[in-house]
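Chain nomenclature is as follows: A, B, C and D, assigned in order of appearance, with residue numbering initiated at 1 for each chain independently.
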Amino acid sequence: MKKLINDPAHYVDEALDGLTLAFPSLARDGAAGRVIRRAEGVTSGKVGIASGGGFGHLPLFTGYVGRGLIDTCSIGNVFEGPNIDSCVDAIRLADGGRGVLRLYGNYGGDRMNFDMAGEVLEDEGIRCTTVLGTDDIASGGPDEIGRRRGVAGLIYAYKAAGASADRGADLEEVTRVAAKAVAATRTIGVGLAPCRLPSAAKPSFELAEDEIEMGIGIHGEPGIWRDRLRPADAIADEMVDRLLADLPAHAGSEVSVLVNGLGATPLEELFILYRRVRKRLDDARLNVFQPLVGNYVTSMEMQGASVSLFHLDEELKTLLCAPAECPFWRVS
Amino acid sequence: MKKLINDPAHYVDEALDGLTLAFPSLARDGAAGRVIRRAEGVTSGKVGIASGGGFGHLPLFTGYVGRGLIDTCSIGNVFEGPNIDSCVDAIRLADGGRGVLRLYGNYGGDRMNFDMAGEVLEDEGIRCTTVLGTDDIASGGPDEIGRRRGVAGLIYAYKAAGASADRGADLEEVTRVAAKAVAATRTIGVGLAPCRLPSAAKPSFELAEDEIEMGIGIHGEPGIWRDRLRPADAIADEMVDRLLADLPAHAGSEVSVLVNGLGATPLEELFILYRRVRKRLDDARLNVFQPLVGNYVTSMEMQGASVSLFHLDEELKTLLCAPAECPFWRVS
Amino acid sequence: MELTVFQIAEGVSRAARAMAGLEQELNAADAKLGDGDTGSMLARVIGAMAASEPQAAGSVSDVFGRLARAGMSATGSSLGTLFASSLLGLSKQTREWERVDWEDLSSLLAAARDGMMARGNAKLGDKTVLDALDAVAAAVAGEVDAEGAARAAREAVDRVILEFRGRPCRMGRAKFFAEKSVGLDDPGMLAFVALTKAVAELPQNAT
Amino acid sequence: MELTVFQIAEGVSRAARAMAGLEQELNAADAKLGDGDTGSMLARVIGAMAASEPQAAGSVSDVFGRLARAGMSATGSSLGTLFASSLLGLSKQTREWERVDWEDLSSLLAAARDGMMARGNAKLGDKTVLDALDAVAAAVAGEVDAEGAARAAREAVDRVILEFRGRPCRMGRAKFFAEKSVGLDDPGMLAFVALTKAVAELPQNAT
């Protein structure tokens, strides 16, 4: 598994340098340079949204810093949560005087560091709330949704919460919207081939030449089953079946769907997958609104895809349509 | 090499179905469904731009159908030129009464089919001109630029010619602009791992576990050298050196740069590459304007990247800034 | 002796059957110098030709026309396009002919060769399909029946592939890396050689 | 006997040296159940701790504080954060102490364990680093010097890793696939075991 990199120890910082050089709307900040924020700075009077997570998932997390989305993002090393200082910096830099929502994926390290950052900031009087992405249905039953991992569906929570904050909503309201968006999102992934951490000698997992893993996590965490590769339509069918068997309460008749590549999967294959997913949703009489197909949340060179459903009601639909702009997603 | 596909015989058509379902601004048309055109139809009174090429390079070619870019695109099978009927259809569907520029990459099959299509259409009175993308500096010396292959840099010709057509320029002028843009573009690629045609039993080429190929084509055509993998900075340096040793006449002090992933290369690595390319261009006192980093022209799951320089003068810069919008590139 | 629609249709179905075994070999030959699709492309093109019901054609011109249209719909690749467009040329050329004889084969193949050169801008000696086609056109001159033509064609392709193996490709995707192609067979030439052998079957027990 | 800054600093540098050999082994253990980064993360964290000049600290509290801050800057991973934050707890706890003795080690480790439980919400028995830490805390109770503590700690980690191998992980990334973790060592526990052995060196010729 070859990589186009320099010293693994500089992987994250070099990639962040490239990212901010390529996209002037993003700026590096924080004591260790491990915060990405909107270059124009904080919008005073707006509720701030701080996210964060391990590196290796571009465009997530840093790529979604922008108008109508998130304000700041703390970045850890590859597959490691951001450290406490970066979380403190990200929260501070997101604060426009009306409090900060911490919105990130449900992983142990990320939670501990964002929690400790909140404790550090208590004295400064920055009000903080927390909403965790928990959309991966392969990581826990419907009775333990709060313990599920957060994966690609997090971007829907960014979108909804970002739109709410942009409209001037207060911290409670933005937090409510983010929690509602998370509750309305379900994702399942499938892995065909692993990635390798820049510092690791071996790939993060192994799959035989004809094997795939259903339900894999975005760090290669174990999934639901491993078995022979099958046609894309059969894979899409199982993913949709599982998603539709795990409907949120109050699910309506409209969804947005994200067919997401994990990094090394060509667009051609994502469209083949989307074609079938779309057919199955049509058959289920679910109206598809603003679909997304592409690499939105990756695991470096992992091969595979995920499918997310964002179950819409009028409120979420309006928030999904609200203008937003970051280097990797634009709604206008 | 696993693929998330169904029957290889339906690969192209299924992917095109998914593409047009995902992006309502694109419509399938043509007798065999192998033309993508703007859903809103032809703009009458505007010079049309028809492109085309083999499949397997998404977002190229079809993804660049849109306002300020190309109007129609004929699509062949994987790595095969579009057939004559699709070229005829693409030209007809692009015609808004002021003639059609055929703008595509310099490959034998594509040329023959677009040429024959032009012969077929002679009687219909649709005026056609041709400009071929020839940006790959690894495929011929500076003395035989016209014989070079067209690779990622073709999108700059789309942008410039599309902007010119959108402003109401006539066919001669749009053709002049396209040819000028091609003449101002230079690209070089590097391959780390091959792709496999859906119908082929083996990858399109073989590289040892620690080997890379400098100068590889977007179909895996042989490059300049094969040797051991080296640090990203060393690779970027060689690519920039080669590009700067092959300056077009009248090259000025401003460039746009495209650091393009070939399909399976993670964004993280493209940013690491861009960081160095940018530094080298800064050192060479070249001002970088509107850089692009991402997967713009791919070879399915090929691993590697290309770097393109688009040498700007005032005219090309203005055209590059003009509004444009397609599913994969937006300038506003 | 007359060259019949039936014989041409038979040849196409033999070629189509042969492609099953040739597809991956030709892909692999193209992978070394080009983009690896020669075999899959030809399998599709010749499959489409066989499915165009050549045996139902009313004349040799008609059968060439059917094959050409089938091929043109099936691909836009260099080789497939050259094949199909030269068949279209042959169809036009023989439109008014009352019959086509085996003696005409050599000049028809030469005409196909010239059509391909005009369309593709390659020259003889560039190590492409053209050189094989040219060798066969020359070899079948004077042959008056299927068996004689088959024998001459088989000998010619065996010779031409060896003759060119050590030479560089000067056309197609390999042209810029001519040195790399020395020692390798050009995929289009290889395809023509293998298909000629499949089509130009000798009668049982012949050598 | 007093537990000195020098001894702690020595332990850190032994741990840092050991990481060179452990990094890929721990990555591989984590790859089976989690995301494959335990080894590289710990190599970086312990490297940063060793580089924080623990030997220059003025007190045991100060050395714990240095190590904690170094660790906290170096990672946000679950395990690294738990280690670093519990060291910060120990630093606070010993701030006013005039000296720390080897006899205090057991209760300090127990305090670290409790801090980690509070921060990470895991329980004893979940098959995490906690169970190994708990075993060592219990084992060193009553030991009054480095050698005794080392011997007891080594025995304890050998025991605990075997004891848990056949049990399921109930915390961390492996928690939802508890059955898959049966028979596999938890990477955090494995790391703690290996580092304990590296730190708790026995005097030459001892067994």
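As a working rule, contacts are C-beta pairs under 8 Å (C-beta built on N, C-alpha and C of every residue); 3 or more make two chains touch, one makes a residue touch a chain.
This structure is a prediction, so every number in the text was calculated from the model and none was measured.
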Most distant chain from subunit A, judged by the mean position of its C-alpha atoms: C
Euclidean distance of C-alpha centroids - subunit A vs subunit B, Å: 30
Centre distance in Å when subunit B and subunit D are each reduced to the mean of their C-alpha atoms: 54
Junction residues of subunit D - those touching two or more other chains: none
For subunit A, residues that touch 2 or more chains besides their own: none
Contact graph of the chains (line, ring, star, complete, other): line
Those chain pairs that satisfy the touch definition: A-B, A-D, B-C
Residue ranges of subunit B in contact with subunit A within the complex: 2-7, 11, 14-19, 21-22, 55-56, 58-59, 190, 192-193, 195, 209-210, 212, 229, 231-233, 235, 259, 263-275, 278, 291-293, 295, 298, 300-301, 303-305, 330
Parts of subunit A lying in touch with subunit D, wherever the complex brings them together: 9, 32, 54, 74, 76-87, 107-110, 112-113, 115-116, 138-140, 147, 197, 199-205, 217, 219-222
For the subunit D and subunit A complex, residues of the former touching the latter: 23-24, 27-28, 31-37, 39-41, 43-44, 72-82, 85, 119-120, 171-177, 180
